[in-house]
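For clarity, chains are labelled A, B, C and D in written order, and residue numbers in each chain start from 1.
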Amino acid sequence: MANLSVRIGSLKLKNPVLVASGTFGYGGDVPDLSDVNTIGGIVTKSLSMKPRDGNPPDRIVETAGGMLNSIGLANIGVHEFIKNKLPGLRKFDTAIIANIAASSVEEYCDVLTLLEAQEGIHGYEINVSCPNVKEGGLSFGTDPVITAEITRRLRKLTPKCLLMKLTPNVTHVSEFARGVAGEGADGISLINTVVGMAIDHRRRTPKLSTVTGGLSGPAIKPIALAKVYEAALAVKIPIIGIGGIMNTGDALEFLIAGATAIQVGTANFIDPSASMKIAAGLGEYCDANNIANVKDLVGTLKVRADISVVKSWL
Amino acid sequence: MRQGFYRVESVREIAGNIHLLSLHAPQIASAVRAGQFLNIKTRDMYLPLLRRPFSVYNRNGDSLEIIFNVVGLGTRILASGPSREPLDVIGPLGNAFGTGGDFEEAVLVAGGLGIAPMPMLTAELKRAGKKIHTYIGARNGSQIVREHMENVSVATDDGSAGSRGTVVDLLRTHLGNSSMTRPKIFSCGPTPMLRALAALADEAGIPCELSLESPMACGIGICQGCPVEVKDGPRKYALVCRDGTVFDGKRVVL
Amino acid sequence: MANLSVRIGSLKLKNPVLVASGTFGYGGDVPDLSDVNTIGGIVTKSLSMKPRDGNPPDRIVETAGGMLNSIGLANIGVHEFIKNKLPGLRKFDTAIIANIAASSVEEYCDVLTLLEAQEGIHGYEINVSCPNVKEGGLSFGTDPVITAEITRRLRKLTPKCLLMKLTPNVTHVSEFARGVAGEGADGISLINTVVGMAIDHRRRTPKLSTVTGGLSGPAIKPIALAKVYEAALAVKIPIIGIGGIMNTGDALEFLIAGATAIQVGTANFIDPSASMKIAAGLGEYCDANNIANVKDLVGTLKVRADISVVKSWL
Amino acid sequence: MRQGFYRVESVREIAGNIHLLSLHAPQIASAVRAGQFLNIKTRDMYLPLLRRPFSVYNRNGDSLEIIFNVVGLGTRILASGPSREPLDVIGPLGNAFGTGGDFEEAVLVAGGLGIAPMPMLTAELKRAGKKIHTYIGARNGSQIVREHMENVSVATDDGSAGSRGTVVDLLRTHLGNSSMTRPKIFSCGPTPMLRALAALADEAGIPCELSLESPMACGIGICQGCPVEVKDGPRKYALVCRDGTVFDGKRVVL
C-alpha cells in the first residue's frame, strides 16, 4: 500500500485530498452521504466574525461544464461555528482547516485569534479571493501588498498551518504566491472561482442577483492547472490545487503540475462522496504504478527539452 | 437521505408536454413523504453538470414517480426514455408538508407543474382523515393532470378547461361562496401564484404551506445556493433545499 | 425587417456578427460550407510580417465544454496574404478586418502600413493578447503602457477602423480598455483566449507542446461576458464581444451586456456556418420582439435597483 | 466537402472492441475516395465539443461505413447505437491515397485501427488493376479485421494470430524473401509504426504513402491545429487535415 500522506507546513494529512471551502458546508453536514474520515481534511465554509446573510437569490446558475455562484460568504459566524459545529468536527479523524473571510485585516486577525483558542482546528485557510462580496474579497486578493500584509499579520498569531487562498483573477498569480511565501505562509490554495456572469436574454436580466459571480467546475480546470503550474514554479511552499477536480485523473493532473494536495469543490454537489472516491483512487493509482509515496508524483511534469515553455505570464 | 442508482422503469407523456417517469427505488419509496424531492443526475457526465430536483409525484410500491416538463437539456434527456444505465439519485430530500396538524379541510392549490407533489399529499391527507379540495391552474386544458387527486376544480389561462383565470382567483371565489371548517392550504407552483395565494390566505386567516423552488447546486444544504427570505428568526435567509421546500406562507418573503 | 447594422468607428457592418481571428482561416477557405456574404465581417488569421511556422504539435486539446490551442500564430505572413488571399476576399460583400500580430511595436506598424496600401481592407484588429508566443502576445497584452503605446502608434497610421484585441488574463481589463480608448482605438475586441493547460496523467506530459495554451469555447463564455460587461462600463467606444458564442442566445447575451458586435470563434470548427445562423437568428429575434434596430439591444442589461453590483474588479 | 445530417443505419461490433457504423450518406458516398475521412459531431451539444474524425472504411451503395474503437466519450456515444436524430457530418475530407500512379504491386500496411481506410483502398487498387499484398498488425488475434481485403498477412504482438511481432518486421521479412515488381507502400496506423515503416521503405527504395493522424479542432483547414513537420517546401509544417492525411513517407518528419 502506497503512502498517501503529505505534509503542509507542520500539518500532516493522511492523504492529499480535501474538500474545498463553501462546497461541503461546515464539514459534518452530510454524514449519510460521505465519510470524511477517509479524506485528508475538511476546509470549512468561510467564517467571518459576525454571521453573514449572503447575497439575495438567485445565487446559482449552471453554465457549460461549470456553474456560477454568488453566495456572498453567507455563514453562521465564527462564534456559532465554535459553539455548534466544531464539537462535531472534533470527532472526525481528519484535518480540520478553518477558512476565514473578512472585510478588514483586523477581522481576519480577530477570527483567527478566536479559533486559535479552540481545540480541534489543525490549520487555517485565508480567503482573500471571494469574488462575491463588496469588501474584502477581490479588493484584497487582487492587491499583492495587502495580501502579503494579511499573511504577515496572521503568521504572527498562529504556529499552525496557514494557507493563503488566492484568486486566479489576476495577471500574475506568481507575484502573489511569492508575496505570501515571503511572509511565511505554509501553503497556497489555488484557485478560488473565476469571475463570470450569465444573462437571461429573454428578460435581459443577469441570472445572478449580483450580476457577476464565481465560475467553478470542470470548465475551469485548465485555468486552475495553469495557475497551479505557474505558482509551483515560483515558490517552494506547497500548493493546494483546486478547480474542476471531479475524479482521480483530474487530481493526478494537479499533483503532476506541482500541487502537494488538492481540494474537491463543485464535485461535492454532484456526488458528496467524490473526494472519498478520489482519495481511494489515488491509492489504487499509486499501487498500480509502483509509486511508494504519493508525494513522489508532485511536480513530475515532463516537459520536452526541445521546447521552451511559453511563460509570458510568469 | 441516501444516494443510489435506480432503474428507470418507464417514461411516458401523460398530458401536453408533461412526462411521467417511474423509478424503481425501494429504499427511497419506503421513506419518502409528501412534498419531498429527488435530486437526479440526468446524465453521467459534465453536461448537464448539476443534478436536477424533482418533487415526488407518486409512490407505487417500490417505485417512485416524478412528472416534468421538457424545459432544457436535463429534462430533454429524461424525456428521451429509459437509458441502459440506472439513474444516480439522491433522496428523499427536503422537509414535507405538515399533514398531521390541527385542521379539518385541506385545500390543495397547484399551478402548472406544481401539481407534482399533490398525489402523494392527497394520499397522506386521506390517511389522516382530512377532507380535500383541489384547485389546479394551468395554461390550458391539455396540461391538466388530475389522476390521484380528489375533488378537483380547474382554472386555465385561456378558459379551455374549468374557469378562465388564475387558480388563486378561482379559490378566492370558492372561499367567498362556501364555508370550510378549519381549512389549511397546501400549495406548489410558480412564485407569482404563491405570492398571491399567501396574500389570500393571510386575508382569509387560513394557514398555508407553500412548497418553493429555487435554483440549486447541491440540494442537500452544503452550498448555500438556495436562499429564501424569511421574516422570523435571526437570519435573513433560510435554505429552500434543507429548511424547505415547504414553508409557512406567513414566514417567507416571496 | 429589423435593421441589423452597427457602426464601429467609421466602419458600418451590415450586421453585428463576425468570425473571430484564427478560427476561419484567412476568410475564404471554406466556401462550400459557409456564405460569408451574410455576416457582418471576417477577421483574418493574425498576420505577421514574415510567415510564422507556429508551435510544434500537439496544438489542440479538448477540455470540458472548451478547447485549448497553442497554434503560436502560424500564418503565411502579410506579403503572401496580400498576394494570394486578399484578391479573393475583395469579392465578398462583407467587411474584411485584418488581424495583426507582431513581436515588436515596429512590426505592428510595418504590417499595418503594408496593408493600408491595399484595396479591400476595411479595418484592423490588433492582437496584443495571444497567449501562445514568446515575444509579443501576452508580454504586450498584460502591460497597459505598451498596449496603449501600440494603439497610439497605429492610430497615426490609419483612418480606418482600428480594433484592439485584449486579453482576459489581467486583473482589470477596464484599465486596458481605458488606455486604448484614450489613444483613439475605434473599438475593443474582447476576449482572446484564457491561459490554460492540460496534462496527460498517464504519461505525465503536457497535452500541448508548449505546456500552456489558450482556452476557448462555451466553457469561457461566463468569463468573456464578465469582461465585456466590465469594459463596456469603463469606456464609450464599442466593444466586440468574443468568447464561447455558439448560438443566437449567446450572441444576445453579449449585446445585452454591452457589446456592439460579436465574433464567433470555436463554433466555426464545429459548424462553419454557425456565424451565418447567428446573424439570421438575430434578425428573427429582433423581428419577433419588435426591435427595430439591433443596436437598441446593446447594453440593455436590467440590473435590480436594490442591489449594488459587486464591482471589486473594476 | 459538404456538411449534412445523415441517418445511422446500424452499429455493430465486428471484432474485439471494434465497432462498425453504417451511415446513409449518398452525397458523400458518391464523392469519397480511399484515404479520406469524415468529421462527425457525435452529439448535439458541447460535450463532446469538437467533431471526431474517422476514415471512411467502406462504401456500400449510398451508405458509408466507419470502424472505430471505443476510446473516449465520442466513440462511446457512437458505439451506443443509432440515435433517433441523424448525425451531423462533414466530408469527404482530406486528400486521398495515390492509387493511380506508376507502380504495379500495392503493399498495404495497417496497424491497429489503421485498417480503417484499407477496404476502400483495396477496391480502388483493384479497379486500377494493381496486385495487392496486405499486412495487418494488431495487439492480438481478436482485433483483426480482414473483410474486403486481399492477400492478407497478419502479425500480432502476442502471436495469437499470424506471426508474433510487429507488422513492419513481418513486411521486412517478406520483402527479403520475395521480389515485387515496382511496389508501392500504402499505410495507416500508429505513428511509431509509420516511422519504422517509412525507414524500411526508404532502405528498400520503395515509394510509400502514409495516412497520418493528429488532434484536430476543425478538420477543414481553418484552425492550423494539425501540423506535421515536412522536409520540403518553404514552410516547416503542413496540415494533416487539409494537406493530408496522406503524405509521401519521404516528406514528413514523424
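We take it that contacts are C-beta pairs under 8 Å (C-beta built on N, C-alpha and C of every residue); 3 or more make two chains touch, one makes a residue touch a chain.
Since the model is a prediction, treat every value here as computed from it, not as a measurement.
Taking the definition of touch as given, a chain qualifies here only if it contacts chain C and chain D alike; those chains are A, B. One inter-chain figure worth recording: chain B and chain D are separated by 55 Å, centre to centre, where each centre is the mean of the chain's CA atoms. The distance from the centre of chain A to the centre of chain C, with each centre set as the mean of the Cα atoms, comes to 33 Å. We define each chain's centre as the mean of its Cα atoms; on that basis chain B and chain C are separated by 46 Å. Inter-chain centre distance (chain A to chain B, centres taken as mean C-alpha positions): 36 Å. Contacts with at least two other chains are made by residues 46-47 of chain B. Residue positions of chain A touching 2 or more other chains, listed in rising order: 56, 64-66, 217-218. Judged by the touch criterion defined above, the protein chains are all mutually in contact, each touching every other.
Chain contact summary for the complex, chain C toward chain D: residues 22-25, 29-30, 32-33, 45, 51, 53-62, 64-67, 69, 71, 74-75, 217-218, 246, 266, 268-273.
Contacts from chain B toward chain C in the complex involve residues 46-47.
For chain A in complex with chain D, the touching residues are 64-65. Residues 45-47, 73, 80, 84 of chain B are the ones that touch chain D when the two sit in their complex. Considering their complex, residues 56, 63-66, 68, 70, 131-134, 137-139, 142, 169-172, 194-199, 201, 203-206, 209-212, 215, 217-223, 225-226, 229, 244, 249, 252-253, 256-257, 300-304, 307-310, 312-313 of chain A touch chain C.
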